[in-house]
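You will see two complexes here that share subunit A, one where it goes with subunit B and one where it goes with subunit C.
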Partner chain A sequence: MDIKNTTKGFTNFFSGSSTFGKYFPQTLTVFFIIFIFGYFAYNAQVNMDNRGIDFGLRFLGEEASFDIQFSLIEYSGASTYARAYLVGVLNTILVAAIGIFFATILGVVIGISRLSSNYLISKVAEWYIEIFRNIPLLLQLFFWYFAALRALPLPKEAINFFDTAYLSVKGLYIPKFIWTNFSVLFYSIIASIVAIIFVFKYARKQQEATGKQIPKFFISLGIFTIVPLLTFLIGGVSLSFEYPILTQLSKTIFNYIGGVAIIPELMALAAALSLYTATFIAECVRAGIMGVTKGQKEAAASIGLTPGQILRLVVMPQALRIIIPPTTNQYLNLTKNSSLAAAIAYPDLVLVFAGTAMMQTGRAIEIISITMLTYLSISIVISIFMNWYNTKMAIKEK
Partner chain B sequence: MIKRLNFLGTPSRDKLNLFISIGVFLFVLGIADVILNSFFEINITSILPRLFNYFTPLIFGFIGLHYIRIEFSGNRILDNLNKNINSNWFNAVLSLLIIFVLIQNIPPLLNWLFFDANFVGETKEECTGSGACWIFIKTWFPRFIYGLYPNAEIWRINLTFLMLIALVISGFFVPPKIKKYIIIFLLFIFPFIAINLISGGNFGLEWVETTAWGGLSLTFIISIFALLFCFPIGMFLALGRRSLAPVIRYSSIGFIEFWRGVPLITVLFMASVMMPMFLPDGTYMDKLVRVIIAITLFEAAYMAEVIRGGLQALPRGQYDAGKSLGMGYWRMHLLVILPQALKLVIPGIANTFLALVKDTPLILVVGLLELVGMIDMAKSNPDWLGFATEGYIFAGIVFWIICYSMSRYSQSLERKYKTDR
Partner chain C sequence: MYKYIKQLTSLLAVFVVLFAFANEAMAAKKSKTLKNTIKKGFVRCGVSQGLPGFSNADASGNWSGVDVDVCRAVAAAVLGDASKVKFTPLSAKERFTALTSGEIDILSRNTTWTLSRDADIGLTFVGVNFYDGQGFMVRKDSGITSTDQFKSGLSACVNIGTTTELNMRDFFTSKGISYEPVVFEKADEVVAAYDSGRCDTYTTDKSGLAAQRTKMKDPDAHIVLPETISKEPLGPVVRQGDSVWEDIVRWSLYVMIEAEEYGINSSNASAMKASENPQIKRLVGAEGELGAALGIGNDWSFNIITQVGNYGESYKRNIADTGILPDRGPNELWTKGGILYVAPAR
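Coming up: the complex of A and B.
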């Protein structure tokens, strides 16, 4: 019996159906993992001893003494490595957020166009998807950065948008908003959002109790415009603009000073990421809308809903359930792909931290681990948020 | 507003010829206006106010399309046209906008690509036309395909890939009995032949450093080897993730989710700067090998998820049937479960491979130059400055052809395997 059990244990290596088969492979796995990690740790220890470097995160407090071209927070060469890391993370999040925003809009539009009954529109959408999906993202990024944006005019002949924004080879310059008493406006916006949530709750209660529908959309639109507007007029909030002005820096070099500068690296990266990811989102949207059966639409039409209501109340809630999980994956991919920034020198996490900071400190293990863990946590945060949203949208069985 | 257009009466079959002639006339007028405006700089409507003038083609086309929108006209061409681009006024406007944008953009693009482009010559100075300079591509072509591989030895790469192609093609035509041996040869023996042939160093072949490898051939070398290695690892991880033993399951989950959560670029950095620290002091591992290992581990995690999808799609009855025949875990999986599961996920595997091919250009961040990297190098060569666009368009077309044909193939496989379930 014993022998039989042992042989079975080997055959049931992963299955864990016998006592031996349950514990032997698992112990083996644990030992294997410990061995691998131990071996690597030992080698790393020896190598670092030989090179005279120690392991630790103390370097994060040291002065970074390099400049970053583009930063959302105060940063100078005198700041610490930790500060540089934060700048990198914020720049990554910024470009990912911009990319997600545009990719979603474009993806939804393209996905719906792909289903259009208009032959031209659906063909154009189809070819857009086929072209942009099948070219490596890095190549698209290089194309936008080295070919398309380099073809823009010099600052002196910049493309002028109504004398407020200027697009040139040095980037896009837009006016800067200068607020006074911004916090008052901010609180009023928050207050109006809270009010709108209450209106929605009340409207739902009313509809469930009496069957009457309150025009909640117009009411909330009204709240959202009137409350901030009132604070704007009464609360002493004022807004002025700082326009970018063409300045002569030297004999031949002109550039814009003032306003907000959107550097070409950011534009190229945002364009490449959103155009590329939009193709995948478009396919998700198309699959989602096609996944709602025809019977659903016919049933909705037969109880007298208008086409708009059918789309809003019947098709979209069901389609979203199919669309959200794969779209989450695309958002995660976009965030991870934003690390391609390093290839065109947009100062994101990889370039600032895993590039410049690592060159200066030589602390490969610490810096690469921190970078990887950061991406891992961003991925986890996005997937937790989208899971929460997904459960909220899922069918509520009563 | 639209009703006002009906002063001639609603477009209908009664006055079919009248409406069609007016409609087609206006439609053609609109298109002619765009063409004249954008290519001959003649503005036939310059008498009108400027803002109005800008929209004239759209207005003409819109009214024209309105008049030819006749349901059940009996004319098949007209009915098809109406159904496809002119079903209502919104569709008509969108169709017009697309037609106008295409008219304005396609001819200049074709001019740049072909008619004004330069094809003949050897140097940059011979690029005199206003179009693209394809001489750049022609001169650098061997570099784009073979990297810095010595010219005299290029036949070795050619031979390797010809052998590969011949083997794969013959795999499709020979009877299944021989096919089995071809596949075994391809998977287990051919890789060694290929590596020996390309890197050399024995059998009287000259040794070629991996730093000299590059171009499109490197793209294929990396993706094929990574696919070959990531497949078995992915299979074990997929089985591990479905295992009942918690330690194995959670370590598989941890491994898979870790690699799926980090971007490839950090993995490559890890391979190039962190991995040497983890190896015993004094050992040297070639950078290309390290990169292939890193990409393999990265892709294995994705492969594991694809294979797990196949395992999950199999009905429970298959497992029960295997067990009831007295099969052990391995025998059941090898003979019953995996053959079916893998067949199910062939399209998924093709898609993973596609993603892998699209990811390979990234290796330029660690200094390996495949096609995109070579173009990056060529465009910064002092003799050939300013041809970035041509280079990227060339690379884009090459990658597009590869990826598009692969995605088409995977779609056809998907259809093929859908029918028998």
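Coming up: the complex of A and C.
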């Protein structure tokens, strides 16, 4: 028997030269995966039966009977576990969104600074990156939290911002916005955004047809300030504030009551996540900008573009293609890292649901599965959005 | 005729099934957990990650505490050697899963006995080794001397995953006080946050407050308020479904308490074998077959008393002498004004 022929036959079998060879390995793999998961599910089922534990999600409808420090939606101890779950998810999304926002801004600034020809700026950026990305995030988290708690004054000696906001060890207290006819304002903002989109489209058409540039930025800014302002004058919209008031609770205990409290746990977590992730984003940005060949900038300069235009119209669109995919990873990392919140008492999904709720109900398998699925879903949504943005930014072959 | 045969067969089948079950039940008398423990040669015990007086490891890794002593008593009863215990430190979050998954065989980790835990999640509580209750700690200079002086807006630091969160809510809600719960995963962070002024009060079981207070920078700057807002009967837990093992753990604990009641301690136990009192003789294994009823050696209780000591000795060694709670309070024998009252071992 010819060895060469045997290998060839074997290769053909798996490389899909026949229909059978094409589908058989795939079907086998699928069955194998189903079998593995099925086995785990069965095993868990048998063991739970043996120990008299039943599986079910009915507990989600029961009263949670524990309070949560910080919630974006209406919540009290009388709410259900499902509601507590929602509070946890929203708090996770909130801190992830704040973290992504600041990490992106800081990352871009640091990344560009790193390439600056100014020695001081580029060295500061370099040191920042090296220090912050090489210290474990959990330690940074503890550092920011306890450093902040030690540094901030007690409510009685709170740092006063123009008698409207107060910063103390119990958090930043800001006035609460109380709107009347908020919906009118809301619609006017939507209307102005729609108007701005039209202005941009019109400006583009004009430029393509006549080469004339319309100052679209100032026009948009004008629309965005004037239209909502009009609602105050003629739409019956008004705004009042509920200020936080320092209240004495005992001889030495004071606290602010009223207003909105931004708890120190949120501030510390958002700060630690942004500062840590910004270092990685900065490196992505640097790589992206360095990935655009020098010839591109020189060519752009030779047709008379200003340095700002070169960065905005030539360098950035090309750099973004390199920056987006790794930055997506950083966004996902940030979101998942937010689960460290439990260490410093920020009531995120892990602390509220996979923490208190799990310990009160004892339903470890159900709750951990739900928590994993939730993080998976949040990550997939971020991925899908970033992939869409990536496709939008990718080179369009014409 | 055919009909009768059919009936007879089904009757026979029922008997076969019943007999099989009876056999099964007899086999179960030789508990699986007991069998495994004897085979391994040590008791697998889940304890806390460090709570002075209850379960705490010293610098060289030796565990001590009243919770630890329960596991040592079981080891003395089953294996004849109180040192044959493997301790697994567990967080509040992990403890029940560790027990139900079979990683440990006894959970003796200042765990409160509640209906939902006992009924719901495959656990069985075997008894109470410490009667505790939740309290509040505040800074002395705050001027607060009673929970009646609490006002809306207080922030309270608390440890996650305990009945404390529930009790705290019940307490504040029933008083109509709005409060801010600051929930941490580990006790060290709770204390650090409370110490820094993030919270106005720190709430947990009173024994825990007393123990944590000894760890603080200036223990005298803090006071534990007199009110107790909950019942916290703490005790060892075993897996549901192994009643022999459950009995062994229960009676290992009860024997310690009953030994104190009859004045038997680690130093006089041998001499007590010659006692006139039949109950004392039973407790030191000089009379009766108490061990056999549990499926273990008859010197089980003698081993517990000589190697671990009675409950009073354990309390004194771990909680009173360490300055945590010198006063036994409710954890005194019923004959001396406490509520320690156990079923008799006879």
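By our rule, the second predicted complex is superposed on the first by the 358 of 398 C-alpha atoms of A that agree within 3 Å, B and C clash if a C-alpha of one lies under 4 Å from a C-alpha of the other, contacts with A are read in each partner's own complex, and residues count from 1 in each chain.
As a convention for this text, a contact is a pair of C-beta atoms (placed from the backbone, for glycine too) under 8 Å apart; a residue touches a chain by one contact, two chains touch by 3 or more.
What you see is a predicted model; the values in this text were computed from it and never measured.
Participant: Looking at the overlay, does A:Ser302 come into contact with subunit B only (first), subunit C only (second), both, or neither?
Facilitator: In the superposition, A:Ser302 touches no partner, neither subunit B nor subunit C.
Participant: So in the superposed three-chain picture, is A:Thr391 touching just subunit B, just subunit C, both, or none of them (first/second/both/neither)?
Facilitator: In the superposition, A:Thr391 touches no partner, neither subunit B nor subunit C.
Participant: Of subunit B and subunit C, which one touches more residues of subunit A?
Facilitator: B
Participant: Could you look at A:Ala343 and tell me whether it touches subunit B, subunit C, both or neither (first, second, both, neither)?
Facilitator: Both partners, subunit B and subunit C.
Participant: May I ask you to decide whether A:Arg150 touches subunit B, subunit C, both, or neither, giving the answer as first, second, both or neither?
Facilitator: both
Participant: So, does A:Asn50 touch the first partner subunit B, the second partner subunit C, both, or neither?
Facilitator: In the superposition, A:Asn50 touches subunit B and subunit C alike.
Participant: Who does A:Ile33 touch here: subunit B (first), subunit C (second), both, or neither?
Facilitator: first
Participant: Output the subunit A positions appearing in both contact lists, the one against subunit B and the one against subunit C.
Facilitator: Residues common to the subunit A contacts of subunit C and of subunit B are 47-48, 50, 146, 150, 342-343, 358, 364, listed in rising order.
Participant: Can you name the residues of subunit A that touch subunit B in the complex?
Facilitator: Per the stated touch rule, the residues are 8, 11-17, 22, 25-26, 29-30, 33, 40, 43-44, 46-48, 50, 116-121, 124, 130-131, 133-140, 142-143, 146-147, 150-151, 336-340, 342-343, 350, 354, 358, 364-365, 368, 371-372, 375-376, 379-380.
Participant: Touching subunit A in the complex: which residues of subunit B?
Facilitator: 83-85, 87, 91, 94-95, 98-99, 239-240, 243-248, 251, 258, 260-266, 269-270, 273-274, 276-281, 328-331, 357-362, 364-365, 372, 376, 379, 388-389, 392-393, 395-396, 399-400, 403-404, 407
Participant: Would you pull the subunit A residues touching subunit C in the complex into a rising list?
Facilitator: 47-48, 50-53, 65-69, 77, 146, 149-150, 154, 169-170, 247, 249-253, 255, 257, 264-265, 342-345, 347, 351, 355-356, 358-364
Participant: Report the residues of subunit C in contact with subunit A in the complex, numbered from low to high.
Facilitator: Those residues of subunit C that touch subunit A are 92-93, 96-97, 100-101, 116-117, 120-123, 139, 141-144, 149-155, 160-162, 165-166, 168-170, 172-173, 179-186, 189, 192-193, 196-198, 200, 239-241.
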